[in-house]
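Structure first, commentary second.
Chain naming follows the written order as A, B, C and D, and within any one chain the residues start at number 1.
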Amino acid sequence: MRTSRLEAFSDGVLAIIITIMVLELKVPEGHQLADLLRKTGVGLSTYLLSFVYVGIYWNNHHHMFHLVRRVSGGVLWANLALLFCLSLFPFTTAWMDESRFERTPVVVYGANLLGAGVAYLVLQTVIIRQQGPESPLQQAVGTDFKGKVSPGFYLAGTLSALAIDRSGHVGVGIALACFVGVAIMWIVPDRRIDRVVRQYETPD
Amino acid sequence: MRTSRLEAFSDGVLAIIITIMVLELKVPEGHQLADLLRKTGVGLSTYLLSFVYVGIYWNNHHHMFHLVRRVSGGVLWANLALLFCLSLFPFTTAWMDESRFERTPVVVYGANLLGAGVAYLVLQTVIIRQQGPESPLQQAVGTDFKGKVSPGFYLAGTLSALAIDRSGHVGVGIALACFVGVAIMWIVPDRRIDRVVRQYETPD
Amino acid sequence: MRTSRLEAFSDGVLAIIITIMVLELKVPEGHQLADLLRKTGVGLSTYLLSFVYVGIYWNNHHHMFHLVRRVSGGVLWANLALLFCLSLFPFTTAWMDESRFERTPVVVYGANLLGAGVAYLVLQTVIIRQQGPESPLQQAVGTDFKGKVSPGFYLAGTLSALAIDRSGHVGVGIALACFVGVAIMWIVPDRRIDRVVRQYETPD
Amino acid sequence: MRTSRLEAFSDGVLAIIITIMVLELKVPEGHQLADLLRKTGVGLSTYLLSFVYVGIYWNNHHHMFHLVRRVSGGVLWANLALLFCLSLFPFTTAWMDESRFERTPVVVYGANLLGAGVAYLVLQTVIIRQQGPESPLQQAVGTDFKGKVSPGFYLAGTLSALAIDRSGHVGVGIALACFVGVAIMWIVPDRRIDRVVRQYETPD
């Protein structure tokens, strides 16, 4: 089975997820800039964060399927599992936003990021296994530094929000820093990171 | 007429249906895990069930149109009838969820599953008839064990919810078990089922 | 400029319009069949009518662009005008439904149908003019019996709702009969209608 | 990397943005024409304005990517930045509409137009730089009269609403005239404008 319809369907779902989140931005009741900032300021920043994350997933999905010729049933279902995790972003983003970064909603958002990250790795593994030895995806991904580090950061952030300074804002702040940091790591042009990674991996 | 635009349109509609359902997940008012579970726990599980069903239909639709070269007016309308039935999932899922599995909403959800299953069989039949003898779809579908058994289970589940233990939860429980069971039957890799079906069909 | 992206964009917009209308179906508060019928019965039938209309437009759009190779700026804007008219269906359908077929909302729905019908004819004319003499679309469309009769029925229905039996239901009933009738005329396989039209047009 | 999936994804997002705005049109409570005009009249006109703007962006995006063969990571992110700006239209349109053209919401709408215009120019610049000397996009765009004039008008309109007649309607009126005027400038067939521009640019 060719990948074209799987790509088209995934593009459709990702396009809807990325756009539907804007429906969560509530129009302020007043008509002053202060009303906008009070009501929508937080929402706009969480929307931006989730928009960037869905953009990263679309970007990576796009790259990944460049190296895939045929898809099996396992790939279809692993892909749907990834889309399911991503489809929860509008919900978890809205809760985190509406709670103004309360501890539990931030933990749930982190769990959602973690779930999507793991689902992505599972999809990648299913494809590589299907392609067998000399899998082109395996060669392109290499050690997959970013892909493996990201879930670690999501987990660290989520655990920080759970365990550190439960009555204050420190743990939540660390969590948000992790989530924003990973997003920046993915946006920054690969070349620079690649050079770092290469130096790190070949120290001889 | 080629199938590419019919596939693209169907992909679009299915992508929207599968994603729109997440808008039914209501953000809890409190910010504790208990609030989330109380408010969204049921919704998340029904969302997952309907997500899987739309995924199954997309998957099967995808496979079916691999074997179709040209579409007639009849195929276009049979396809639209299927999409109409599937487009009601967000509504029937929301009602079942909101009612916490009351009898009537579960019956209506079952009727929706049944309608979609029948619409799929009609679409398949229209295509096979259009392809004439030696229809490649007919050969691929074969006896279509799963496709024919599924409506039976939807009907059995719906009737259970209607007739069994009208004041209690037994009938509804049987119905939900049927609906979840059929979904699992479709997800489980075909090979295993195929072997069972083959043994069942060729007992000599 | 090729037509592929115009078709893909139109497919996307039509897929969203056709699916978004289901969001207007309000989940009933009670959990009995009577609650469903009282709350959603009308909504389901108006949703079905508008679903069929968008399906008809998609179907015709699909056929029309089979005969188009290149698109000019004029075609792009005529196509957007058609999409704009169609995008108002969820709104006019919701108002007609919510008002339980009051006179003004039915008139507005009819005006929407009329606007879409005229926009479609304009798009067709712009394409034919661009293709010049021996336009393949012109040859395929021929006298375009259905396309020219439909706006007449929309107008007749709208005027009936406006003028006939202003305090009762007769005018609105005629309007709805016109709107449903035109939809059925488009669904019924072309062959049968074509035969009638051919007999009507070549009486010698 | 080829452009097909970037185009498909952008088409999807733009199709959703352009259609989602209709969800902001609130169904009037009464059933008279006066109710419709009072409740939805403003909304319909702002919806039309934003619909036309998204249509213009889709149109230009479509033309631009006709001249692009391969996309780099920078182009992907510049494209996502443009989509982000455009995805805010449903929100800023709804606020401007709901406030009945109060000063601050009009300024925010103008800032949104300005942001999208600048993001478009950035995307164009990133592509031209990637294509190197003899960039086909550079040659097609030429001096890009419209593209460079538009942000000027958005800025002028926004500043008018901010600074002129702060207690009255004059500044806001100038702003709206600018926003509508730029939209008309883009819709009017290029030939006429082109002739004007050419006369203006080659006065010898």
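Miscellaneous remarks
We adopt the following convention: a residue touches a chain if its C-beta (ideal position, glycine included) is under 8 Å from a C-beta of that chain, and two chains touch if they have at least 3 such contacts.
Source: prediction; values computed, not measured.
Of all residue numbers seen at the chain A-chain D contact, under half occur in both copies; the interface is built from largely non-matching residues. Look at the CA centroids: the one farthest from the centroid of chain B belongs to D. Put simply, chain A has to spin 90° for its C-alpha atoms to lie on chain B, with the angle rounded to a multiple of 5. With each centre defined as the average position of its C-alpha atoms, the distance from chain C to chain D rounds to 29 Å.
In whole angstrom, the spacing between the mean C-alpha positions of chain A and chain C is 40. In chain A, the residues that reach two or more other chains under the touch definition are 8, 12, 15-16, 20, 23. Contact residues on chain A toward chain B in their complex (touch as defined above): 1, 5-6, 8-9, 12-13, 15-17, 20, 23, 73-74, 76-77, 80, 83-84, 87-88, 90-91, 94-95, 98-99, 102-105, 108. Chain A meets chain D in the complex at residues 7-8, 11-12, 14-16, 18-20, 22-23, 25, 27-28, 31-33, 36, 40, 48, 51-52, 55, 58-59, 62-63, 66, 187, 189-190.
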